[in-house]
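Below, chain A partners chain B and then partners chain C, in two separate complexes.
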Partner chain A sequence: MSEAQGGPPEEGSGKVENPRTGGDYAPSVAARLALWQRAGGVAVPLLTTLLAFFIGGLVVLITSGKNPLTTYQAIFEGAGLDWFLEIGSYELRIPFTDSHVPFPWNVNDIESAAAFNLQQTLLFFIPLVLTGLAVAFAFRCGMFNIGGQGQYLAGAIVAVWVGTELPGLPGLVHILAAVVAGSLAGAIWAGIAGFLKATVGAHEVISTIMLNWIAIWVGSFLFSLGGPLQNDTQPFVPVSNDVVEDARLGILWGDPFLQALHVGFFVSLAALVVYWITLTRTTLGYEVRAVGFNPEAARYGGISVSRNYFLAMAISGLFAGLAGTLDVLGWQFRLNTNDVTISSQIAFVGIAVALLGRNTAIGVLLSSMLFASLVVGTSTRNLDPEIFRPELASNLTLLIQGLVVLFVGADVLILYLLRKARIGRRGSQ
Partner chain B sequence: MIERLLARLPRGARAAGLVGIILGLAAFWVALPPLKVRTPLLPAAIGLVAVALGAYAVSRGVKRIGWGAVVIGVAGIGLGYLATRSSIGNLDQVVVWSALFAAMLRYATPLTFAAMGGIFSERSGVTNIGLEGMLLSGAFFGILAADKLSSWPLGLVAAALSGGLFALVHAFFAIHLRADQIVGGFAINFLALGVTGYLFIDIYGGEGTPPDIAEIPDVHLSFLKDWYFIGPILGQLNLMIWLAASTVVLSYLVLFKTPLGLRLRAVGEHPRAAETVGISVYATRYAAVTLSGVLAALGGAYLSIGFVNSFNQNMTAGRGFIALAVVICGNWRPFAAAAIALLFGLSSALAQKLPAYSESAAVLFQALPYVLTLVAVAGVIGRSIPPASVGRPYEKQ
Partner chain C sequence: MDRPVVLELRGITKRFPGIVANDDVSFDLRQGEVHALLGENGAGKSTLMNVVYGLYRPDEGEIRINGEPVEIGSTRAAIENGVGMVHQHFMLIPVMTVAENIVLATEPVRNGVLLDYAAAEKRVRELSTRFGLAVDPRATVEDITVGQQQRVEILKALYRGADILVLDEPTAVLTPQEAQELFTILRTLTEQGKSIIFISHKLNEVLEIADRITVLRRGKKVETLSAAGATEEQLARLMVGREVLLRVEKGASVATDPLLRVEGLHVLDDRGIEKVRNLSLQVRGGEIVGVAGVDGNGQTELIDAIAGLRRPSAGRILVGDEDVTDGSCRECLDAGLGHIPEDRQRRGLVLDFSLAENVALHNYDSPPASRFGWLFPNRLVARAGKLLQEFDVRGGGPLTLARGLSGGNQQKVVLAREIDRNPKVLIAAQPTRGLDVGAIEFVHRRLVEERDEGRGVLLVSLELDEILSLSDRILVMYEGAIAGEFAPGVSEEELGVAMTGGGRTEAAA
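Right after this comes the complex of A and B.
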């Protein structure tokens, strides 16, 4: 990400000598903002999100004449976030034990509309965190991994394959085998792009996009009629076999027959911690970040740039492949030719997640929640069609994503506007 | 004149390598219609000569062309062998050269427009990942205007305006705000996807675009009709295909034969130096990026109102990115890029025909252009040299 370069020297230094009085004066809003931003602040992401939602609201108002606030409220409820509004004194069972802790929300409610919607949001949150991390990790190494889609698919396809074959394995072993194989598939798929970048300098944006399309067509082929992974019982349905019962992930919350929240939720949270530790507490992370900041300087410092390009890309693909694996083992259990193109779209939301979250673990966590709510809240099944047409709303989501990416990419924008405003004030004095 | 041309012909090892490449292609070609050689010996013999010439070239230090000849020679033997094993009926059905070439031109046209746009933008120093979105916006707004105003020229104008507008947004963020150009361009793709999808659903709903839309007409060249081979290819092509061809020539002339083009390239190579001699870096980049959006959008308009005559959400399906690969493989030069675009067009055309061999693998063949792009980018990119300042924001002093 580019930073504002060569801005006025007083910015960020906090205290500035006032040429007229010779004394100190309090830093201006812009200077404080700049400091805040350089300290990894949340002001800019928050402002960009608000701005994107504001413009999205304008679009709603202009094109449909509907009240944007009502629309946003319907999306809020579609995402099941109203579940959090009902606070009481309930208990939560700690997983894998029999002990209970007090909890402000009623987790025993698994069937109300709000609870169901929230389960869907959290279900979407899991792969979103992982695909977000996939983009973020590559970004930290100075690469833009748009290939989350292909890597997610590679993971999902291999997970379906491992999950449907090898019956008779004990459940835990089967799950582990599928998870390892799926993540590795993602890593290899991304590793191709990393390898090409490291050896011949092929730009990762182009190679990962091509790998996306190759994965889509190969996936469509595998599950199509007569394809190698098509199911054994229904010869006219282009869908894979079902993942065997033993290889499915455990249910945390919800009705197992209606896409319940599975234990992958904790895996995604753990991945956030792993991401943070890897980047900030290991040699690998140090090298990856060094290459990301300045490859020439890193090379001069004795770091192998090409090795880190490859490794960062492979690890990035590992996250995305894991996302596909968890979706398959957690709630999809099978892939059909349509899923191949549709469910893998999630990786593109992951890009917005990483950018808005400024490639930090905590940022990815928060922005995943935001985008999961937005996407699920505008889905055909969850949004109240009397308030806003869901087909329109899902495109509205794309629009808001685009605006967020645009504004976050131009973090200089806000500083620029504020600086302009300040210069204007000075000029009028 | 003839002597000067002769003097430019390659000699020695370089010529051997080039002849090797041509022979490698010929090894495959003899097994195809119209010759349809049925013995695998001939392709093998020609291919071996190609490999030998390539090896000679490599030994004399002409590595790139030499290895190219070796690889193409081996591929020629393999493909030639496959072709001799395939049934005559299938061969006749798949390899109808005139139909293949006509389809190639159709598939290459949107790529060519977008690639020319990409060349202008990147030559001025601004990476344009947003080509995909600009293609898409051209496709949608082109068909929208053509439908609502019942006129295809107005459709083209609307497409160009929409593409130019998206490009202006990209230019503003990339130039004035010095945002990361890759991220900004990607945002344009998201935005275009959202805007076109939103309006498409809002205006056309579930039924899709109506069938009776004013289409860009074909150009009928009746005097070509009876010409062998050329007639069926060029006799009836869409107007936009001819426009694409002239855009390539114009792009070359503007970029390399006018002061304007020199300035544009200077801005992309060394903006500080260009500014020092009085060229406005910002103005040049704005103009180049906007032009790239207009050109890409024309390619998109060809897709929707010249080629398939309908619109679907995300109908460009990654063509903008293939166009970027075309720009890079074409070494940021119009004619080279157009040649690469034709190659991708041919692979798309083949992908449509190959299912004759295997129904179930029909889907798999769709991946062909993308695999080819990947191979091309991997094989060529290390040797292609981008404009020195591409992707770097410039700050006025």
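Right after this comes the complex of A and C.
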């Protein structure tokens, strides 16, 4: 029994043209969105991406006169993806052992530009996967979680707190404590929205957005001058203490002094597996999907809809909180009042990740990689300024991201036009 | 029959991806006749009429109106050619008046811009007297009955100059009395020279109203025959392509102990209006109790309350000996209730779930389907495979999405799931709504089998035929209470009177 999305491309979606109802078929935008999410295969997201890149390329051409292909190549290199092109015969050490296995890429290369860029991309990939899952899980229960930012922050703030206080703890215990506390903080933060929806019917879009702002201002207060979590040594800098050495995540690849890739990478991959298993192999996932597809039928089947609204939001928040926690313990080590508003915005990219990835585990994996490459590849630091002015380039990322989200909704338009063409080829009606 | 042919379809073929909805269908309509188009769901009736009304363009074939070949590329072209359509779901604006709805899009204007309301009203009155369609032009559409709304739709078509009227399943929403009134109207219309295409899958009414009948099956025309001399059995055979049992064969009921007891029940609807008032009834093992009534007399609220989906404001509900009055839906199910819901697509099935997942809707969280929260998809698939075979579900396997099945097969899946739970009492709400003759036969047979197994069946239906042919006892519900109890031999007229509040109130169950 496959996930509904992953199942064989159903002929059913082609049968929208039900002769019985054909004449007056006017579904809502939400129904269309659901159809888009359902219609099988990878063709649609792939097309969406290609179209977004194509239009992005046109914009590059028109606004700067640069060759779009050169620009995209520069972004490719800026993201460090060219590292994969250097294939040789190297070895990879198996963790916790001294044995090695053959590996086509040189992981001992930690300093070349390509390797460094790729580490940055993968570093960005970790929270993107998790914030993407945070949106996707709620979506599978029929909710739109726009509160990834607040949940990420809740996780990050609690992780900073646990990571900087309690200095005496042994390393592994300290890390586990921070991870559990940070994830739970995210779960609670989202759980508030889920609880409100389940009990009084408050719409999750409104409540999660408001919770975002509460998290931002609580964070700003905590790290501001004189705030309870402000650092002890620099009284005029609104930043927290550093996470103690023992509570930092282990380095997988790269120079520890230059934001290296940490073991959180594997945590994010594991989260994808957990996500998939939860949805397809547990009764909880069954309930969540039933409620997401048809709450009325779920209720008739004996499923508590409100309980699932709460649980699904809390689990969503767990993923987002984990994202914040891993960023803090993995490479940021501290939060300042700026980070609170800026770095947490990654959660919004998570929305695009979930939409493009159609809320499936594999889709979130691939679209996280795409967006991580785009964001890192166009950053001021990584993009070759000769090719394209980086301050324009990061706008290009936003542009492509926006186009993707737009095209998810635009199928309403496309299907409408198709339908129109089918009704009367002259389009008169 | 030498009246002129007003509409002629020659060799119409319409294909959709994967299916041929109309395959070389020819059809002709003479002036002043009612020509019924009969067929099961999906036989291509609506597609054919949408071709006539300009909603679809045929891939092949020709349409002639009054002998002239025409191109009908849009609904506007259809209207210009004198074709009017009354859809099954009315296309009226509820907050506007009858007259406003009728003149919509072709409003008479004064001084070039202002709506000439008086003129509109006058024209509506003229039309309504001429054709015997009594409606009040000033009434707001949302305040008038469904039967009257239908008249407004017919008037709208006539106002636009329709000589050919297409009625899509017009009686589906009407009470027997309202249907009779409609037939009177249709006769008046034909006397005045209008021609009518009457789409239906109900055999008795087709025989009553039509002059000629064309039967479609799987997109092809089977036969066109004169209504005089045709029989229901003959039509059913033409529709389905095999012999069909129209009357349910069943032996006498052997009623045992009461399995469902409802005592003094009061239920409010979502708006807080009391829809069920002091209702009591009993269903014993081995009997089918039919609840008849016009839609909206509290049937839905009654079922919801029994099934634990709506909390009653007073009264008691017992399944077996267990009091489930305030029980959750799950507790009602566990007490031994099976529930075939009124709306299978909205409530009975998760359309985007596979059939295996749908079949597990009530027991996904107990062994063997799952253990400690861990689901065993293979077991769901295995169980579904067995049930789909037993209930002869066609069009997909356990992994097919429920959305991909036809209505009849979807209903079989619901039936399979509810019966397989081995309930004490089975509530069947509108179990054959929208199903074709073959599927109806299947559902009816299964319900009788369940009765013979000793279960109690509470059948709630708007179809009097169904109530009459299945029930061992008939209760009529009117304004939230039981307005009478009848034996199965009762006439449709007598039930109809009770359904509209005219019956004596007997001591109910």
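Methods note: the second predicted complex is superposed on the first by the 369 of 429 C-alpha atoms of A that agree within 3 Å, B and C clash if a C-alpha of one lies under 4 Å from a C-alpha of the other, contacts with A are read in each partner's own complex, and residues count from 1 in each chain.
Definition applied: contacts are C-beta pairs under 8 Å (C-beta built on N, C-alpha and C of every residue); 3 or more make two chains touch, one makes a residue touch a chain.
Note that the structure is a prediction, hence the values are computed from the model and not measured.
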Which of chain B and chain C A:Arg299 touches, first, second, both or neither: second
Which of chain B and chain C A:Ser207 touches, first, second, both or neither: first
Touching partner for A:Tyr286 - first (chain B), second (chain C), both, neither: second
Chain A residues touched - chain C or chain B, whichever exceeds: B
First, second, both or neither for A:Ser220, with chain B first and chain C second: first
Contacts of A:Leu403 with chain B and chain C, given as first, second, both or neither: first
First, second, both or neither for A:Ala361, with chain B first and chain C second: neither
First, second, both or neither for A:Ile315, with chain B first and chain C second: neither
First, second, both or neither for A:Leu229, with chain B first and chain C second: neither
Contact residues of chain A, present in both the chain B and the chain C interface: 1-2, 4
Touch list for chain B against partner chain A, complex: 129, 169, 173, 176-180, 182-184, 186-195, 197-199, 201-202, 206, 313, 317-318, 321-322, 324-325, 328, 359-361, 363-364, 366-367, 370-371, 373-374, 377-379, 381-382, 393, 395
Contact set on chain A toward chain C in their complex: 1-2, 4, 7-8, 10-12, 14-15, 17, 19-20, 22-24, 38, 280-287, 289-290, 293-294, 296-302, 423-426, 428-429
Of chain C, residues touching chain A in the complex: 16-18, 21, 41-42, 44, 46-47, 50, 53-57, 73-77, 87, 89, 91, 307, 309, 328-330, 333, 339, 341, 346-354, 356-357, 360-362, 364-365, 370, 373-375, 377, 380-381, 398-399, 401, 403-404
In the complex with chain B, residue positions of chain A that touch it: 1-2, 4-6, 59, 63-64, 144, 146, 196, 200-203, 205-207, 209-214, 217-218, 220-221, 224-227, 348, 351-352, 355, 389, 391-392, 394-403, 405-406, 408-413, 416
